[in-house]
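Naming follows writing order (A, B, C and D), and every chain is counted from residue 1.
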């Protein structure tokens, strides 16, 4: 439908009167037309957050982006800005379980995910052939054992830098990334955890849920941080279960949640709709 | 929490570049601080819609409201504006079934509904005593038969005008208001229909749902218009059912939906979050 | 609809072949007609659970109940049996917050809850007058401080025994019942906790949820046990929230969940649909 | 987990006292152990329905099936019986849109669907290559125009019979199957309709939903009958939408519903959990 590229800016910084007037004023004065503008003020934290999308008069999107960023910086705002046509480079990490991986790749193939999958990496070779033949994406096998973990993470880091990756998606990657890696990687990492966090953090959440006798199971997509399963939550969903469901059933039902929640979180991130601060997120849906 | 009154404006009119910049600019120049601003552009209809809430510098809210309205009119915008402390006068209509009525009145009593219930009217006396003794609201019994309907509606219209009512809530009022009444009343009328409209419009929707064998039942809150069950939808919700549920069960489960959906729709309306045009609504949640 | 009383039995015991055949055979041989029969086998625990409802040929329901119980005991089953017309005596405990209490009492008054509310008790007098005048139920004020807690619990225990109470409902009763009280009371106690347990057990769950930045809030109805917020879960529900919702909003939205979840759990319990073992429940919905 | 094959019978017929006792008695007398038994009596229709699963003492499942069927016929019951290891032959029909098709095939490949996909047929060649190379299933291209429709349906009928197909799945097959075809095909046909039926039957349901301004969109899996979009409903689900969602967004969000609802309906059917009568279904979940 959309024939012309727009610009999408995500701003945040200390709240002050007049920011909405100033950003919208700047766009108007520069001949742009605002398509969407959504803002939020976290009164406790004193932080202003805005997502604004406009069709600029200027043909040179890069120059307009630079000028807007400079202007916003004067307002004390940090800015992330991208044209609607941007396709960030993504690395997908997967282990043996393929449901979330295939769902994501099918969506990508069908044009649902505005990104470029630069490569797939795995500690197993389970999906090597399909990645190459069916999704036509490079596949890197990076085996991990407790001894080789530092070396494996270093190799992964090299790959990420070489490909100038902007987002890592953990599509049920069953290795805990070290705090050191997460501190150094310096790009967002989206993980899908198979429970309604903070309930059932850690290993085997479906078994934990079954033991506790909960009546709903969930899935949580969050940015990975050095503290396991504790990063800012992007999206969550649940589905009802009953005593008739065994752990196997929880796993199968949960997999559908995992797919939907991860895909939604990644799509929102790619559309510049998610801003994380103070270990929480604002999602401009 | 909120100690100072704010102003809330709901605007709509023909879309044009710069409206966001102008409204936010006006507020900034007048010393106000925007707390929330949400806008939507219906590209097909070419209509711009905005809800904006600010804490004004001026102490005289009425004067500020008048000035803002005059300004917005220059932009071609229709404006509804009210201070956050406004308590619009509401008339509640009910018949024999009390679930939605009691739920609404309990919420009002508990401070959940920012309005003043000016009176309750009913074609039955079922809830007369409780309305007076428990909710301390005036109760008007207006019996309706096919012969007396025009006179009954005229009496209701007189009451509404006498009390300067700003909103009518049909809390399972089992009389169809005539097109003539709805054309003349000139204030919003919110109705709760006990199905997921447009499925099962008209009489006995739970029986219709049971016969069709649907797996979900629903409730719909909408503005009443001269065409039965066809007005702009404000809110809808559904709940799963199975073959184990008889019509009785659908009725009981559905009543919980009706209560929640009606209360939510009325609250949104009272908070100036709902704007209806082209037989649809925009809800700034 | 239902004109004749039926019998409802809830059985559980060690699994063995032929139990379904034997219980249904007994009812058939005694001229009864099974209306509903639902069973579950917890393979890990080796426990068989059944809910069976039949219309007996015998007019003397008490005698038939006794005979069935004796028969089931021979199969090694524990039995809870009651006619569909039974109205167990219930005590409702409440503190200052009235939403769950009023919802429950309105439902009881409207005939939705098959029980008799023998009395309401509270550590405050907030709802004394309304309980008497509006719900026509006895009200007992039992103040509780850290010093008087043992005496208060003893007084409550006396009341419960005097009235032969069969179920206690904690409708947002803000006192933690002591392990000693719970060990001695010997009847089921249903509590509503305002979070999706096991997340956010303990005090101020909405504040905990807000801090953690979850995208869904929940409510949990469970049987109270000596370990706080750890008893068998009967029912849970959640509702989505976003960054736009402050703690106040979580509280208000959560209250609707609390009402629905508590009412559903109490109704299921009263209809003999819930069986708890191994700190989990089977709910025959 | 399950190491030994069980038998699953789905019975229905005129209600009469003692059926539960007789079927469970027969199994017990023949040395079988009931794992699950679920029954329902439609009081209005006077129809008894039961799903019963047992592990038989006899090693010859075919013989036991035949003996049980003969016994149930004596009770006036129609029986469908199959071992848990059965893998019915399924034909999948698809057009150009691949989301529901790929989802189903991925699930089948991952072992989630207990069936054998005997072939895929389409009025387009869009998915020919992938069906062959990735899913390793035969693909039949059967073009359909208004002139060739009778011939195309005849060709399809031949294929279905040749392969002894037991279930047809319409995974967004965009051709209306003729009443004549449906009357002759004599096996169940599961269709996914992209709305919450009976709302928005017929063409372009997302456009209809958008025009009407509903706040939820849905998907419905049902058995196809000669009356378009009117057959017995197996499963339905909905998801919330708002004014921010254009038709494109409804389509994308709806596709996720379609995938989940179709997969669930097909799985239930394959597990012998669905019984249709009087244009409604009983689903033993």
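To be clear about the criterion, a contact is a pair of C-beta atoms (placed from the backbone, for glycine too) under 8 Å apart; a residue touches a chain by one contact, two chains touch by 3 or more.
Small disclaimer: the values here were computed from a predicted structure and weren't measured.
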Those chains that touch chain B and also touch chain A are C, D
Comparison of A-C and C-D (more C-beta pairs in contact): A-C
Homomeric contact chain B-chain C: same or different residue positions, threshold half: same
Determine, using the mean of C-alpha atoms as each chain's centre, which chain is farthest from chain A. C
Which listed pair, A-B, A-D or A-C, reproduces B-D with over half its contact pairs identical? A-C
Taking each chain's centre as the mean of its CA atoms, how far is chain C from chain D in angstrom? 38
Distance from the CA centroid of chain A to that of chain C, rounded to the nearest Å? 42
Among all residues of chain B, which ones touch two or more of the remaining chains? 244, 285
Touch list for chain B against partner chain D, complex: 40, 42, 196-200, 212-216, 218, 232-238, 242-244, 279-283, 285
Per the contact definition, I'd like the list of chain B residues that touch chain C in the complex. 1, 98-99, 102-103, 106, 110, 112, 130, 133-134, 244, 246, 248, 252, 256, 260, 285
Which residues of chain A touch chain B once you look at their complex with the stated criterion? 17-18, 20-22, 24-25, 27-29, 32-39, 41
